[in-house]
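Scrolling down, you'll hit the structures one after another.
Presented sequentially are two complexes of chain A, the first with chain B as partner and the second with chain C.
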Partner chain A sequence: MDFGPYLFVASLEGAITAAVLALTAVGLSIVFGIMRVVNVAHGEFYMLGAVLAWWITSMIAGHPALGFWVAIVAAPLLVGALAVLCDRFILNKVNYDPERTIVATIGLLYVIQQTTLMTFGPEARPVQAPFNERIALPWFEYGESGFQMIWPWGLSTTTYKLFVIVAAIIVLLVLWWVMTRTRIGLIMRATQLDQEMAQAHGIAVNKVYALVFGLGAALAALGAVLVVPIQQAYYLMGSDPLLLSFIVVIIGGLGSVLGTVVAAVLIGMSDGIISVFFTPTLAKILATLLVAFVLVFKPNGLFGKSRE
Partner chain B sequence: MLTVNSIDVAYDQVQVLYQLSLSVERGEILCLLGRNGAGKTTTLKSIMGLLPLRTGSIDLDGESLSDLAPHHIPGKGVAYVPQGRRLFSELSVQQNMEIGLMASGSGKETREYALSLFPRLRERLKQRAETLSGGEQQMLAMARAICTKPQVILLDEPTEGLQPSMTSLIRDVIIEMKQQKVAVILVEQHVDAVLSIADRVTFIEHGVDAETVAASALLNDHSLVQKYLGV
Partner chain C sequence: MTDKIITSSSISRRTALKTLGAGAGALAVAGTMPGIIGCANASDEPIKIGFQVHRTGIGAAYGRWYDRTTEAVVKRINAEGGINGRPIEIIAEDDGTDPKRGAEVVEKFANKHNCDIAFGTLFSHVVYGSAPRAGELAIPYFVVSEGHHVASGKLNRYTMQPGITDVKSQVEAMAPFIADNLGKKVTMIYPDFAFGHDHRDYFSAAFEAKGGQILEKIAIPPTETSFSKYFPKIPRDTEVIYHVMVGPAVLTFVKELGEFFGPSRPEIFGFIDSLEAVDLASPGLEFLEGTYFWEGNPRYAQAEQSEFDKVFREAVGVDDNGASVSDAKDVSTYAHMFGCWETLYVVKAGMEAANYQGVKDRQKLIEAVEAMSDMPHSFEHPQGAKRFNGKTHQTFGHQYISKVTEGKLVLAHTTSIEDTLYEDEVDYTKMSF
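== the complex of A and B ==
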């Protein structure tokens, strides 16, 4: 295949990484932005989403699509509910103190990871996509007879991969609508801007925190359910999304949802393209280097505001 | 009636209020005067439940506020306009007022009443709070508090840094609150401006309610003001 079509395929792979990363990182970003909590266990909520998707699809007999559609609703809800419990019984008990919440979520990371290992086992497990038809993609070339459409061998994708991208965009748009157009979004933004004044105006900040922590975890789990038919469910699969999410949140600007989405597209696309042309390890190295540059030259990230 | 009964309040290990007591009736303006760091803002924050009491209690019409979580206190009819306004800066004027309305569960009538007191805000409803002038921000802070339909309103230096015309408007609104039978606790630095509208004055010194007198008594006798404020 020529370079052009090859780059197009790599970009499509990058778009899938970007879509899933945007969901996962936005979850981390809203938790930090509203609660000021650095959730080190965020990757484990992602992993739990994938593992639960496998468990739910393996429990439901019949057409594989049925199990998947149940999983895409139930897994994020279950993971979100678990996160709410973690907030109530752990983060709330340490008063959301920044240092203690980091230690607490590191502990949570190991508890979730090792519990999954003991119950789910060390094997990577596949989840069947609800649909997965291959679609050949056209390419345009300038030849002797002007522009012509060709169908290069190997230039293709699947309906499921396109679905992942579209689903992530829809979820992010719904999230934007909730944050900017609904009463609960207004309450979350007010809490983010001034927690004490929010309380002084009748907002139950602890309930908002529980909701936000649950929502952040549910978004990570949703990202994992979407990607698990392409990758596999594995008890150590949370570490890469966690690293990439931190990279994205720092580049985008701590607490900025828009910045997080832009940075997710940037990092996801470059990760996908570099992984196809070179190696995934090189992609991670370059992303980490980019973070270093951002921290040196723009410490608040691309869209972040300085905090007093 | 709001009563503060012998409260001790501390920031971690540093105690700020010592057995402080005060009370305010509906339709009354109580002014808190004292030097910087005397404990005036701490008193207001304690009433709002934003600082825990070590000892003592705070009651509104016989019902204890000190047993409530802070977010329940606005629902009981206590509103707070903090020093420095502390608006939700990235939200619009309308959204800031909406937050106040949520606390009282009230709707359009209350919003219209607040806007009738500060007509200039009506022209700025879609504008972000952080883009307003200082005077407009103070109007919004008060409008947001009025949207909670308060029985008691706590005002912490509401005229700080404002030009005279704006100070006059804020003063008129405080008088309107009094006429609406709202109890007002006012912390101010401009003593002369306060004495003409306050009913009583409580001097706070080193976290203690040193003395409470009728404001009218201070109009011709500045000895107490000199004693507690050094001016």
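== the complex of A and C ==
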């Protein structure tokens, strides 16, 4: 394949990675930003979203699209509800102490993963996309007769893949609107700035925490439901998104939603492009190296504010 | 993890109480304390076969069917009177499809469970990880793996592969078919570990010897879940795509291959590994119509199905489409799992020839298997006739090429055993124990 179309395909693949990663990492980021909780089980909430999507679509007969649309609403809600319970009965009980929450969420990681293994099983299971048409993409080239449109061999994507990118952008915009323009967003930001002062003003901080933890998990689950028709549900699928989310959150700045989105695009696109032209391992090496540099030279991340 | 121990003979309450009295209750569940139980006669004691099974990890789908096949063949052998009058007892341990864990499992078989042999490993990197330990512990290790590692001479005298053919012989038999029928310019796509490297090295050598040309070799990590980004590396003038993939995402791999090509695909020749345990009728696989697959054993019951295949299929619980009789969506790994059946029949024949009594006769068992040669197409060898090479510890057999026709795999060509032979690379019989 020629360089131009090749790069274009690589960028499209990178954009899908970036879109899903942005949703997952923003979930991790708001949980840390508002609650100061490093949620190691975040990848498992992602995996649960995919597994529930499989479960829901296989329960609902009829057109495959029907099951998918139910799953995209129900799976994040169910995962969010589970996360709220985890917050109530685990994180709240250890008083959100930083060290103990890390240990608790590590435990949660194993509990969720092994429960899935025992019930859902070790296989990867497919979920059918609601629609999936192949689109051949044109390319423009300066030929003998001036600019002309050609259709290079293999240069294509599918409608569903484009939908994933658009859907992720819409969800992130809605999230931004909620955080900056609504009362609940105001309450969350108040809690983030100063928990004690928020409480003094009559904000039920515990309820905010439960809501935020549920929202973070639901975002991860939503990312997974979007990606599962492309990648299949599998009980170990949570580990890669977890690692990449941490990378993204550290680069973007802990707690900064904008920084997280920018870093997700950076890491997702470079992962797509570097894996195509070199190897996927090199992409991971470079991302991890970038984290090291960020920690050394700009410890609060690209968009993070220092905190005294 | 989900390590489980399956014992075909359960322990009576009385024995359990006795053993508890001896203060070893937990261990008794595994039946590992014959010294305390102390009443069993040596000749009725079961033959213990340690079954290294991929219950979790990337080999899980294969593991599930290796498990079912092994259960079926053990049931059959025990119903026929066992081995030398002794029943087989399977002690299954999950290795997580992980080489390090694999070596630990072999160690447990030898030291903790006192198994007579170890058996059943599929993934080649696990075999590589486990075989040296089996050699050190002097426990016969019967692998069902397809890798060329056994016949290459890299392993040891205790490791044998008598029930399934190896990649080198398979691909050497495929090369002439592809060159004569499909095209001369091939792009290979394979998983980036030992098994995939066998494909890369031996297929390209055999294909170039037939006057063909390998345009590109695309290696993909076996844990990869998204594949579109690799396909632009396929050169435009490719005539044939040669694909073999493993891991949890094989369905995605084949689907994305179809999406990449759209209506203008080249010829495609795949190893069924790319679709083992996957329903051929899955949405997105329609483009495979008219493409070819290597099959170790035809998944769909063919028009000229042998009576042996019929019995094998029924015993394992597989329908005419290669899926579980109880769940049509649970598709088997039919091209590989016969290896467990045939291997345990070879073990039975070997133990009977060696008059095997216990672990002290392990070397006699190895020598007895090394002395074997032709094995006819039979209930013991339902996939087809085999020719075992005692020097290289590797068996050779027929290979099948099927064409996707109306969504099913229809047998198009069967190779002879001679097509699959190559020169010996090792003589294990000259190695000391």
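Just so it is clear, the second predicted complex is superposed on the first by the 308 of 308 C-alpha atoms of A that agree within 3 Å, B and C clash if a C-alpha of one lies under 4 Å from a C-alpha of the other, contacts with A are read in each partner's own complex, and residues count from 1 in each chain.
Note that contacts are C-beta pairs under 8 Å (C-beta built on N, C-alpha and C of every residue); 3 or more make two chains touch, one makes a residue touch a chain.
Given the structure is predicted, the values throughout are model-derived calculations rather than measurements.
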A:Tyr234 contacts which: chain B (first), chain C (second), both, neither? second
Would you sort A:Gln199 into first (chain B), second (chain C), both or neither based on which partner it touches? first
Taking the superposition as given, does A:Trp153 touch the first partner, chain B, the second, chain C, both, or neither? second
Just checking: does A:Arg189 make contact with chain B only, chain C only, both, or neither of them? Give me first, second, both or neither. first
Tell me which partner A:Met118 touches in the superposition: chain B (first), chain C (second), both or neither. second
Applying the touch criterion given at the start, work out whether A:Gly62 contacts chain B, chain C, both or neither, answering first, second, both or neither. neither
Larger residue footprint on chain A, choosing between chain B and chain C, goes to C
Taking the touch rule as given, give the residues of chain B at its contact with chain A in the complex, in rising order. 48-50, 69-75, 80, 82, 86, 88-91, 95, 98-100, 102-104, 144, 148
Quick check: in the complex, which residue numbers of chain A touch chain C? 1, 5-6, 9-10, 13, 16-17, 64, 114, 117-118, 121-124, 126, 128, 132, 134, 136, 153-154, 156, 158, 230-232, 234, 236-237, 240, 272, 275-276, 280-281
Contacting residues of chain A [partner chain B, same complex]: 183, 186-187, 189-190, 193-194, 196-205
Residue set of chain C touching chain A in the complex reads 2, 55-57, 60-61, 63-64, 221, 224-226, 228-234, 236, 248-249, 251-252, 259-262, 264, 277, 282-284
